[in-house]
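Please find one structure pasted underneath; my questions will follow.
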Amino acid sequence: MFIVLLWKEIREHLMTFRFAAALVTITLLIVCSVWFLGEDYQRRLNSYLQASEAAALLEREYVVPSEISPTLFRPPSPLSMFTQGEDRRFGNSIQIKRWEVPREATGNYGTGLLMAAQAPFDLFTIVATVVSLFGILLTYDAISGERERGLLRVQSSYGASRLTLYSAKFLGAAVCLTIPIVLGLTASLVALNFILDIVFTPGEWLAVGGVAFASVLYGTVFVALGLGCSVLVRRSSAAIVLALLVWTITVVVVPSVAQGAAGTLSPLDSQFAISSLERGTEADARKKHEELADKYPAYEFGYWTSSFSIKSERFFKYDSWEQGYRDAESFIRGLELVMQARADTIRQAYRESEARKAEQSETEQLLAVFSPSHHLRHALTSLTSTNYSRYEDYLEAARRYRAELLDNFRRKGYFSDNVLSFFSQRDPEEIDDAKYGERVAYYRSQLESGKRYDEFMGPKFLEPVSASDLPPFEYSFFGMDSGSVIWPLGILAIELALLLATGLAVFQRYDIR
Amino acid sequence: MFTVARRAIVDGISDSKYIFLTALILALFAANGFVFSVSYQDQLDDYRKTVAENYRLMQPACSNLQDLAVFEQSLKKPPSPAAFVADGGRLFLPNVVLLNAFRRWEIIKQHAVNERSPIQQPLDWNFIIGSLVTLLAVLLSYSSVSGEKQSGTLRQVLSNSLPRFRFIIAKYLGLMFCMLLTLGLGITTSLVTINLLGGPPLSSDMLRIIGWAAVFAVLIISFFLLTGLAVSSLTGNSSVALVILLVFWIFAVVIVPGAGKLAAEQIIRVPSDAEVRAEVEAQSAAIAKATPPEATGWTNDPSSPNARRIKQYRDSLRAVGQRIEDEYLHTQISQSMLAQQISSVSPSGLLSDSLQYLCGTGVYGLRKFTDLAEEYRQQLNRFVVERDALDKDSPHLVFGFRTSIYAGAFSSDAVAAASVPRYDGLWTQGGFHGKSYIPLWQLFYLLLLNLNMGLLGVIAFARADIR
Amino acid sequence: MIEAIDLTKRYEDGLLAVDHLNLKVEKGVIYCLLGANGAGKTTAINLFLNFIEPTAGTAKINDIDVTKNPLEAKKFVSYVSENVMLYGNFTARQNLDFFTKLGGRGDMSKDDYYDVMRRVGLQEKAFEQRLKNFSKGMRQKLGIAIAITKNAPAILLDEPTSGLDPKAGSEFMDLLRSLKEESKAVLMSTHDIFRAKDIADEVGIMKEGNLVMSKTRDELETWNLEQIYLEYMQT
């Protein structure tokens, strides 16, 4: 009985105008959007590969520690052609600086700043608006229409239970809504693979499957909504209005309003406060720097080059190497403390600001719980690795990289020993670490022959930086957190179940005449 | 004819879908007024503080013209008092320009925005009218003819001596009245809310913008109504008409604007910023190659013969860098404007574009902001250079880089802080620089659309089978 | 008053719905057009109302060619459709008021409407009730009320008694008789032979678009209408 009814539903839908419209519209839109975004992904990927290569070449040329300021690039997400999410919105490169904790990424792979500032148009947009609309259109008159034509009575006179009727209608429409989604995705995958030569890893295929599943689940929520409206309201013409009203509110209105409301309920700090802090700490740091510079006039630190240097004319006024050494060490260590303290203060302020933003996001999540499109976005951006937490991972990875880099340098004494080694007043033969002895002797001989400090302090006499000094940057193209996929899909499934259960309950008591 | 129109009005207004959707629309207009008023005050405070801070930091630099010449100013874009009409994505666009008298350094964003939230449609008039009011128009009109045909009342009405075209015009007028009622109530709600909550006052500029917004809104609503009437007449079947009209609406509101963006990105390619930097480096290297080596170096002595050549070299580097960056910005702006122009095929896209144009927000606001920043920079540059020329002791050699200044390269006279040009004087009282006219072609296009759809509707109905 | 001269309608798909129909209904005459489903009765009525255009021939109301001068012709005819749906959200009086004004009469007051509705037999409490709660019989009565207030000399009715119970049907027939007494020309399509025999001054039988028989009441007195009808239907 159920199979017969289900088959009838499917065949009936396949012959309607609305199914044809759904098929053509959804399939075409999916294929076109994935195609164009696929091309865009390729361009961005090429840009990334070029940039990384260029950066790697530059890194090979580092010799002196003070030259080291690697740029870490964020690769484009390989599934961003399905859902752009935040992939193009945020920057793609972070330059590691000694005295600044990475806060945000800058740069782009060819996305105009105005384009990045607008909501993207991708499969998510299409599914969220078009698929949901067609879901409603397929079922809004499923019950009310058949009642109006007297068919419900007939079917029921054959002993079809309410449950059977209802579930056949739901499944029939759900199957029909799945067809254009699957067709569109398949066609676009074929185009991506064979025309654009974009190949996915097994993990990425799984995510693509997830995208298909999430889209279908989302569509069925609206199929259930349409069916529910069809049962709640006697006339089809009124059912569609109710369904469209709910659609408008949950898909169009709630996401914007939730954001606005969250902004009012959990406000953020003004930007002015933070930039004042930055300026204030910079002024402080400069003051302390000047104090140190006054105290140790032989030494200098250049802010923009982040390098330590010696003013030779002052340096030669020292009576002994040892005094000069001690003063240089005090200067460097003092400066290091001041700058790191500033970096940490600023980081702390931003951390607090970020915590407040996280709070506001939580509020927004709560307010938008009834919006299925909100959960769909959540699921799709997690599946395609284009959500904000991916960007956060990138920032965290950059911070870890910087911390490791600084550790490496501290362990190897790059910021003190290399420069200070030749201040030792001991004879070269007495220096424990043999590799310094030769250099110290050379420096002394140069200075004594009247050469200027900056004339002989050339790169080949410093310990060159090696590739092993740069830690690995642990951030891959693709990484998905299953929790943030399962959670929103779970909520969608719950919404689906609730809609179906409510509709069925009402249908059980429905007057089919 | 007016009998039919009156009945259409009563029918429309007493319809539950009209009541619910109008209630929703009014609530959103009120929310629009509320959100805007609150954030406008905050933005205005922030702007004033930034301006004041900027000048406070500039004070010490005024004691030495050289310092003033390279003092980095932070110019913030003032909030647009018309942003409740068309927000233009304000929160995600850059709003601060960093520059000194010789060079624009950066254009950055400084907003209290939560990056964790996805980019959403702002709740402005553009959104409410372009999406929801047009949806209401579609829902009111899809069964206007087909519904009456299916229920048989159409035959009853047409068995009287009422010419067909009068009937359809009467329907249109009736529906138009209902929609104008909603629009009028909505706009009033928003303006009243803004007024009550201390938003910006209604200047004549603002009234002009509101007037034009209303004109566009009316034309767009009319177009959707006429489309609904035409499709209703052509199909004769309400559920088919509904599907067609909803697909049409989705295309007009969501898909054409999105496609416009995709198309614009294909047509105008924006280089990645790595490419821009590479271009700058390449051109700089070319200039360096063409310059004698002593001019590419450095000197601490302004009176040395090389100093002038070094200055010229640095000037040309700076000019080339600025030019390339200006082109880069210009390409991005053109891409976005092209996207909006392509989207203008759809009335909703056109509404969005024209409202942003009127209010001076979105890409038009950014363009105006950067243009004005440049205008200010040139003013400041002229001021500094002229003062320097008055100082006979000055070697007139500043290069304009932040750190390339060395003592004695420029005049070190003091200037009165009050005499220094201020950038906030360049913005009009209202704080926005919208246009004082709208591009007439947009108006003509909308009128043409209306005319075409109106004719189609009348012809479709005149030839429709009403049995 | 109502005249068809060689009226013919062939649809685009080739179906000949009405084939050289000739009939004439004078004032004060009730003409019943009988025929099976699909015989062409409704098409004929649609032709008189200019809902469709004839392929050949002429339809005239009050000697005005309906195709050449439809607006003028419609001033002289009232129409009651098979299933009177009207505007469900409006009350009976509001519907009546609307159609009366549409017919060009602005001079009727609320009491006038009540009078008409009483005349057609509607219950008082239904006057201000919304139409969606009306039974079919009540709606048909309102349809006649609308025809009455238009006060046109010709009245076209399309299967007015189909679906009515005997009592409602008989009340409807009484109304038609009173309209005939007001010298209206009434053309009524039906497949209810018994009512036709009861009320008609002239009867015509349509079969596959042709008017195969047309007889006056006197001529029918001696004939058994049912027999004739069935005979014609079988051939």
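Letters are used for the chains, namely A, B and C, taken in the order the chains are written, and counting of residues starts over at 1 for each.
The criterion applied here is as follows: a residue touches a chain if its C-beta (ideal position, glycine included) is under 8 Å from a C-beta of that chain, and two chains touch if they have at least 3 such contacts.
Owing to the predicted nature of the structure, the values given are computational and were not obtained by experimental measurement.
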- Note on the structure: Closest to the centroid of all CA atoms, by its own CA mean, is chain B
- Taking each chain's centre as the mean of its C-alpha atoms, give the chain farthest from subunit C. A
- Item | Cα-centroid distance, subunit A relative to subunit B, in whole angstrom | 27
- Compute the distance, rounded to whole Å, between the mean C-alpha positions of subunit B and subunit C. 62
- Note on the structure: Per the C-alpha means, the centres of subunit A and subunit C lie apart by a whole-Å value of 72
- Message: Considering only the defined contacts, which subunit C positions touch subunit B in the complex?
- Response: 46, 49, 51-52, 70-75, 77-79, 81, 83-89, 98-99, 101-104, 146, 150
- Item | Contact footprint of subunit A on subunit B as seen in their complex | 16-17, 20-21, 24, 28, 31, 35, 38, 42, 46, 49-50, 53, 57, 89, 92-94, 110-123, 127, 131-132, 135, 139, 143, 147, 238-240, 242-244, 246-247, 250, 254-255, 257-259, 261-262, 264-266, 269-275, 278, 331-333, 335-336, 339, 362-363, 366, 402-403
- Note: in the complex, subunit A contacts subunit B through residues 17-18, 21, 25, 29, 32-33, 36-37, 39-40, 44, 47, 50-51, 54, 85-86, 89-90, 93, 106-121, 125-126, 129-130, 133, 137, 141, 236-238, 240-241, 244-245, 248-249, 252-253, 255-257, 259-260, 262-264, 268-272, 275-276, 279, 304, 357-358, 360-361, 364, 377, 381, 388, 391
- Touching subunit C in the complex: which residues of subunit B? 3-4, 7, 11, 14-15, 151-153, 155-163, 465-467
